[in-house]
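Take a look at the structures listed below.
Shared between the two complexes below is chain A, which pairs with chain B and chain C, respectively.
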Partner chain A sequence: MQLIIPSVLGYEVVVRDAVASLAQRYGLPPDRIEDVKTVLCEACTNAIEHGNGSDPHRRVRVSCTVSEQSLVVEVYDEGRLPPTLPEKPVKWLPIQFPSHHGIGLKLIVALSDEVSIANDPAFGTCIRLVFYRDPRSGIHTS
Partner chain B sequence: MSEADGATEQIIEMRLPSRLGYERIAMDTAASLARRMGFTPERIDALRTAIGEAVTNAIEHGNQADAAMKVVVVLTIRTDELIISVADQGRKVLDPAQTFLQPRITDAFQRADKGGWGIWLIRELMDEVEFSFAPGSGNQVRMVVHLERPPVIKP
Partner chain C sequence: MLEDELTVNIRYRDGVAVIDLIGDVTTFAEEKINNAYRQVTDKGARYILFNFRQNDYINSAGIAILIGIVTEVNQNGQRLAVSGLSPHFQKIFRMVGLAQYAEIYQTEDEAISAFKRLNTIN
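Entry: the complex of A and B
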């Protein structure tokens, strides 16, 4: 499934609801669907605001694939500079109010099972988000 | 974005595999959008039914349930209306006569197959409906719902 939206704030919630609908039918448990929704909102908002500079003529493309093991969501923007991802486990540090810089990416990394990012001159930046079907596989005991 | 009549519009495009179940995702996505545009719950229900029927037709009939074939749903958001276009790849071309059938409930009782209400429902529920067919390029239905109230979020 693919979704293409304009870079206008507000449309990220339509993507969020579309992917949540897919995740629900894919069989993810309700608490994981909440994670998917938060992550999608953050990733799409980043793509709209940072990747595409809120230019409504630029598109954000979201591609979803489901397999036996996982739901994979790729969010593409037309930007040039991929951000640096924080590492798992995310270190939460006290933030000086009112700066919320970087909190979106931390949420994305903390709530997804796998996150990677790539940049291609032809296609822009892509953030790839993986959600495991079996919630137990998300807990690392080592 | 076109500004032909001075009004702005925005476009959302969805590409779905031709597998039953994906019509539900199209319904949920359109409902999510319509809610934010300020449509009433009754109109949103009508929209869900119409888009569900259109996508199911595209999956089952137009694309003959071949999962590799795509159903393309384009949602055009304008300040005063929402336009939904559903297109398939036309493995089977829809007979234009089918788009004007008036099914009768008494006939349906006699038939084992209770289907055949989709296009009639779409025509009943949407403000404007237009079918187009082109061998090779697929079947397309364009549905328009007018917004009676000012939108909550501007496109």
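Entry: the complex of A and C
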């Protein structure tokens, strides 16, 4: 399944709902579908705002593939500066010092089974998200 | 254009300022949530409840707004609780550390009862 959206906030919810529908039919349990939804929204928001600079003419492309083992979602933007992912398990700092920098990336890493980023100078950045059908086949830590 | 615009409603119940948050809690909600918090604070609220509607969308920008609020709540010597969160967002609130500063209750009634007990003790 492939989806292409403009870089306009709000469209990430459309992607979320479409991928959630796929994840449900794929057989992920309800709590994992909620994780998928949050991760997808954060990845698409990151692509819209940071990858594509909220330029509505730039596109975000989302590609989903399912296999026996996993649901894989790839989110592509047209940016040239890939984000730096925090390490797993995510370290959540005390929140006395308000800063939302990095909360989205931390949620992405914490709630997905695997995350990786690929950058092609000619095409842009891709964040690849893996959700295992059977959590025992991967490491899911938050 | 596509977001479920947040509706914020302020009520007072048993000495608790209840702020209903109905809709998406995203970057677009910042002004409404901060205004509601300032409004109840200006009226002297000590106990504040953010009452969410299950299954609404809260993203990292929304979480950042709430982190800003809990910081002010601590500085102002107020108590904050949240209710109505789905199990998923309860998990996320605990994960990011918000639950250390805002008690999580399943329902508004449970939160109000807890505040009442607190008020009696204090």
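One rule holds for everything that comes next: the second predicted complex is superposed on the first by the 131 of 142 C-alpha atoms of A that agree within 3 Å, B and C clash if a C-alpha of one lies under 4 Å from a C-alpha of the other, contacts with A are read in each partner's own complex, and residues count from 1 in each chain.
Basically, a residue touches a chain if its C-beta (ideal position, glycine included) is under 8 Å from a C-beta of that chain, and two chains touch if they have at least 3 such contacts.
It should be emphasised that the depicted structure is a prediction, and the values quoted were computed from it without experimental measurement.
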Requested in this report: Would you check which partner chain A:57 touches, where first means chain B only, second means chain C only, and both and neither mean what they say?
Outcome: first
Report task. Classify the contacts of A:14 with the two partner chains as first (chain B alone), second (chain C alone), both, or neither. Result -> both
Requested in this report: With the two complexes superposed on chain A, say which partner A:25 touches: chain B (first), chain C (second), both, or neither.
Outcome: first
Report task. State whether A:84 touches chain B only (first), chain C only (second), both chains, or neither. Result -> neither
Query raised in the report: Can A:67 be said to touch chain B (first), chain C (second), both, or neither?
Result: neither
Query raised in the report: Which holds for A:104: it touches chain B only (first), chain C only (second), both, or neither?
Result: second
**Report entry** Touched chain A residues, chain B compared with chain C
**Finding:** C
Query raised in the report: In the superposed arrangement, which partner chain does A:6 touch: chain B (first), chain C (second), both, or neither?
Result: first
Report task. Would you tell me the residues on chain A in contact with chain B in one complex that are also in contact with chain C in the other? Result -> 8, 10-11, 13-14
Query raised in the report: Can you list the chain C residues touching chain A in their complex?
Result: 1-4, 24, 26-28, 57, 59-61, 63-64, 67-68, 70-71, 74, 86-88, 91-92, 95-98, 100-101
Query raised in the report: Which of the residues in chain A end up touching chain B in this complex?
Result: 1-6, 8, 10-11, 13-14, 17-18, 20-22, 25, 56-57
Query - chain A to chain C touching residues, read off their complex - result: 8-11, 13-14, 16, 31, 34-35, 38, 41-42, 45, 92-96, 98-100, 103-104, 106-107, 110, 142
Requested in this report: Name, in rising order, each residue of chain B that touches chain A in their complex.
Outcome: 1, 10-17, 21-22, 24-25, 28-29, 31-33, 36, 153, 155
